[in-house]
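Each of the next two complexes has chain A plus one more chain, namely chain B in the first and chain C in the second.
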Partner chain A sequence: MENARRTQSVLTARRAGLVGCTTCGRVHARQAVTCRRCGSRLASRDTGSLQRVWAWLFAGMIAYIPANLYPMLVTSTFGKTQQNTIVGGVIELFDHGSWGVALIVFVASVLIPIGKFIAIAYLAVSARSAVVIRGHGRQHLYEVVEFIGRWSMIDVFVVAILAALVQLDFVATVHPGIAAASFALSVAFTMISAQNFDPRLLWDAYEADDT
Partner chain B sequence: MTDPKPADLDISAARPSFWRNLSFVWLVPVLALVISLGLAWQSFSQRGVAITISFPNAPGVTPGETTLRYRDVVIGTVEKVTFSEDLSQVVVHARVDKDVAPYIDSEAQFWIVSPKVSTRGITGLSTVLSGVYIEGAWDQELGAEQYAFVGSDGPPLEQPGRPGRRITLMTTDGRLISEGAPVYYHGVEVGRLEKPRLTISSDAIVVDAFIEAPHDRRLNSATRFWDTSGFSVSLGGQGLTLDFDSIASVVAGGVNFDSVYEGGEPVSVGHVFTIYPDETEARRNLLARSTADAVSIAAEFGESVSGLEPGAPVQYGGLKIGEVSAISADIQETETGPQIRLLANLAIEPDRLGLAAGAGPDDVLDFFDAAVERGLRARLAAANLFSAALVVELVELPDLPPESFQREATPLPILPSVESNLPDFTATAEGMLERINSLPIEELLDQAISLMASIEAVASSEGTRAAPDAVVALLEDTRALVNDEATRALPGDIRAAVADLRGIVAELKEAGAFDNLAAALKRADEAATNFATASQEFPALVEDLRAVAAKANSLEAEELVAAATRVLDSADKVIGTEAARDLPPALNAALGEIRASLAELREGGAVENANATMASAREAADAVAEAAAGLPELSTRLERLVAQAEGLIAAYGDRSQFNDETLSALREVRQAARSVSQLARAIERNPNSLLMGR
Partner chain C sequence: MTRIVMLAATAAVLMIAAIFFPFLELQVGGLSRKSSVFDAITAFSASGMLPLSIAVAALIVVLPFARLVAIAYALGPMALGWHPAPQAARAFRWAEATRPWAMAEIFIVGVAVALVKITGLAKVTPGPAFWAFAALVLVTVLKDSFMCRLTVWKTLEERSRS
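Moving on to the complex of A and B:
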């Protein structure tokens, strides 16, 4: 009985013998191979999804390491060169009393990327089983991850704009460091990773429970 | 109703192989991993070698910013700055490039470069903006690697890998030699001094210097160093000399060197050079040298040689042929016991003497042999009028007792000398000054002053002042008298008188007085001619005058002055007498009387009596006529006088000083004679003038 109630709450298309087009949303019979409306390939589940998610996730995580070890911003003023890593910059800003800015940078460059890694990893791991968060919770998490990913680029943009604007030769020069490139890559990789996740997988676990 | 139902087929998808299912996407993380690892490895491999340098203090050294440089190229960065365990040193941890690290061995030196302003300019200016950096110096050879170093205060003089030579200099005065002071060669900086230090055993100061290649090749046994610091002012035989080098060396001190003669030999390692106080001293020192050419002889002097210094020129006819190289005393055994003689060593340069280029010492000595026979002697002479410096002159003097050139004398051949005439000059000058000193000039001046005072007293007396008024009054009266009609009538009478006079003159002419006069004048003329011939011997006169001037010294100037004093004294007395002071009033009185008599003249009809007077005048003229009869006699006497004068001139001769006076006397006589003749002619032409006054 309890199961039935749960089943009612989650009736998947696959269970109903249907397959939806991910592009235009039209529903087809299970056997259909291509969408009759838009011609996209139809697949009830993207079998390679998790694999790609993991691959991009790893790439993103690897890129995130040099992004934190190498300097993000190389500023030289009057012959004095200063190199700042992401965390170093945050600490310095904090020391100078710019807590607001320090917080924004910290959230955008540290909290969000790391949160994303964890979130995506969790989603990928939990795709096959219903653990901890059930039902729509995971769907929400996935949507948040996808939405927030782009905001991590805020740091990269700041560096890009500064490097383009502040080129006063001897007086002041700003160069992007290695970290800027690797951080941008890291963000891009995690976004692709999130994109590759097939959220339909989240529901299969319930289906398995029901059978 | 059971439909046959096929058994459920256990259809399960063949389990796909793991590898087949592997997505290409996995290449991305693998690539990322490879790149990251590559980066990491690269940074690690390029991470330089860590070294530590300890400094007493490390001003301006900032971790992560201060760079380590070699030849001004960045080869590393300071990573952190810590203290040594006992806090006595600052330990700078730096990483240097791997390529360079093997060269940094035990010889390496490090110092901190910061902006520095000194007398030699501003250094390290680039560090003002960029901050200090640590400069290192080491050679170009691989050595045993070392990781801990002790930094030095400043750039080392002798930087490893820089060619050059380290030498040691010795001086007794370290005041003007400072560390880092430049070493100059012909004014060009070729090296630096290190820190001067006192030797333990003696008072000498030893300072190491580093001479950069290729200038170190100039160092040899002929090299002399001298101090160029400060400036020197010297007053010598050559006049006033002011010497100083660059401003930097004035302030910071400096040392100059030069080869003082050609052909020095290379010096051995460890040779210590002496720093002389100045260039002259350094060059003078070399005279003890044996230059290839100079021939040393000695001259013996029997008088004081004070003022003669080594380096003083030896002159022959004003031309420098050598220098005094040394002055020494020598004890000589004589019959009267040991006697000290003063010897001056003379370095004679044969080529200056005019001997052939290849002349050896023997030729020079031969020359002196012959020259001494002819009368060549050494003599001391003043270098110039204003100094006491002496030079040695070689002079050839006639009429000397024969002496020979002691060629075999030891240690040097001795050239005979003659006494100089220096002391005479001094004595004469002194005597003259003394006599001038003893003249009673003060008394003379006193007398002159009192005379002036008396004159002033006379001039300022009231009687003197009143005199002009009286004169004016007299003139007024005279004018009145002249304007009188009776006076105007006078000329008529006078004309008569003149007619008479003419008669007298005619008589005179007849008496032949003028002829005599003319003859007298002729004689006078002749005398004058004689004198003219005498004066042709003027040059000889000048000679005598010089002799007279020489005797001027012995003239009795005192008496002269005393006489002058006496005269002035008398004048003073005369003027100072009351009679003299009473003179002006008397004059006044006289004028008053004249005035009174004039008034009487006018009133008493004196003019009317003029005719009578004229009559008297005529009588007077007659008397003149009689007197004129005596004129011929006068002429004769004049003639005699001239003859006597001539004789007198002859007696005094042509040369005596008296001539001068006689000449002027004769001139005056001649002039007088001429005047007399003019007067006579004038009277002849116009006898009226005698009376009319024109």
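Moving on to the complex of A and C:
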């Protein structure tokens, strides 16, 4: 591991008059614009970061509303048509007695998206204002949010598989509902929002503290 | 590094098998229906959600596959001890940037959830592609955990300079 060795006192790239590349970790002189090693764009602090985070976050929240109001799955069995929203699907699974799966779906499509909205908003607010949790806590929160966001896509894939598989003409057919599309959009938007967040902003208040 | 390239190649072969072999087979009474991963992708376009179809295709097939190719391209020549290929840095950077968007492993969990949902309704048998896809996910996870990004970048830079 390249970063296993640790130095005793912390020297940030910015205080050393350098700028670090977020993709490959190489440091450059302040005025460098692109990284010589990997070619990504360099910026000591991404100044437009918070603006983009908020924009994508609101887009994600807006797309999440129709995702819960409209049906996710349209099932017809022997001529009877039944429409299921996200929460409806969870309740149905719960009634069948498959608590484990109901829990997975509930966590992936309700808890994680809402938790992500709150977490991203909190990080974006706290990057500006006084430190509430110290850097480590917030950095962990950021990493968890970034890692877990993609798992919300589960529900979209479940719908895709069900709709592909259950096509038995009269006996049973499953069609995807419009909520699947807006849910996928919501997940994608919040993923972009989390990626736009510059975690270095979290450490600036911390750094100012110990000088 | 050789190990990473080999795992990437393995995953690419599995991916091809996973797309075209039947994925799951559903049986209710006398009726049966086989569907492949490809059917899962086109499921949305039948209901007038073509963009979502394209997005699903990109997330579970195109992006993971393209990432494998990019990684093999960037690391392959280095594993053999040659100079890195031209644009190797760009290929590797792209593979890193698209990592969160390659959702093959999420798709597998989605399949598991879907299976539980319909077991009450019908008998479902996983086909060869299901196992290929599961193996593919395992191999991809192994590959990602073997790979130390900082070392790769460092080696890329050193090798292309000399």
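FYI, the second predicted complex is superposed on the first by the 191 of 211 C-alpha atoms of A that agree within 3 Å, B and C clash if a C-alpha of one lies under 4 Å from a C-alpha of the other, contacts with A are read in each partner's own complex, and residues count from 1 in each chain.
The rule we apply is simple: a contact is a pair of C-beta atoms (placed from the backbone, for glycine too) under 8 Å apart; a residue touches a chain by one contact, two chains touch by 3 or more.
Just so you know, these numbers come straight off a predicted model, no measurement behind them.
After superposition on chain A, the partners chain B and chain C are seen to fit next to each other with no clash. With both structures placed on the common chain, the touch criterion links A:113 to neither chain B nor chain C. Vertex at the C-alpha centre of chain A, arms toward the centres of chain B and chain C: the angle is 70 degrees, rounded to a multiple of 10.
With both structures placed on the common chain, the touch criterion links A:178 to chain B and to chain C. By the touch criterion stated above, A:157 is placed in contact with chain C alone, chain B being left untouched. Which of chain B and chain C touches more residues of chain A: that partner is C. Residue contacts after overlaying the shared chain place A:81 against chain B, while chain C stays out of touching range. By the touch criterion defined above, A:59 lies against chain B but remains apart from chain C after alignment on the C-alpha atoms of chain A. After overlaying the two complexes on the shared chain, residue contacts for A:71 are found with neither chain B nor chain C. Nearest C-alpha atoms belonging to chain B and chain C sit 15 Å apart in the superposition, given in whole angstrom.
Taken together, the two structures place residues 178 of chain A in contact with chain B in one case and with chain C in the other. Looking at the complex, you find that chain C touches chain A at residues 24, 26, 28-29, 31, 33, 35, 39-44, 46-47, 49, 51-52, 55-56, 59-60, 89-90, 92-93, 96-97, 100-101, 103, 106-107, 109-111, 113-114, 116-118, 120-122, 124, 148-151, 153-154, 156-157. Taken together, the chain B residues at the contact with chain A in this complex read 21-23, 25-26, 28-29, 31-33, 36, 39-40, 64-65, 129-131.
Contact residues of chain A toward chain C in the complex are 1-3, 23-26, 37-40, 93, 96, 98, 101, 104-105, 146, 149-151, 153-169, 171-172, 175-176, 178, 180-181, 184, 188, 191, 195. Contact residues of chain A toward chain B in the complex are 47-48, 51-52, 55-59, 62-63, 65-66, 70, 78-81, 83, 178, 182, 185, 189, 196.
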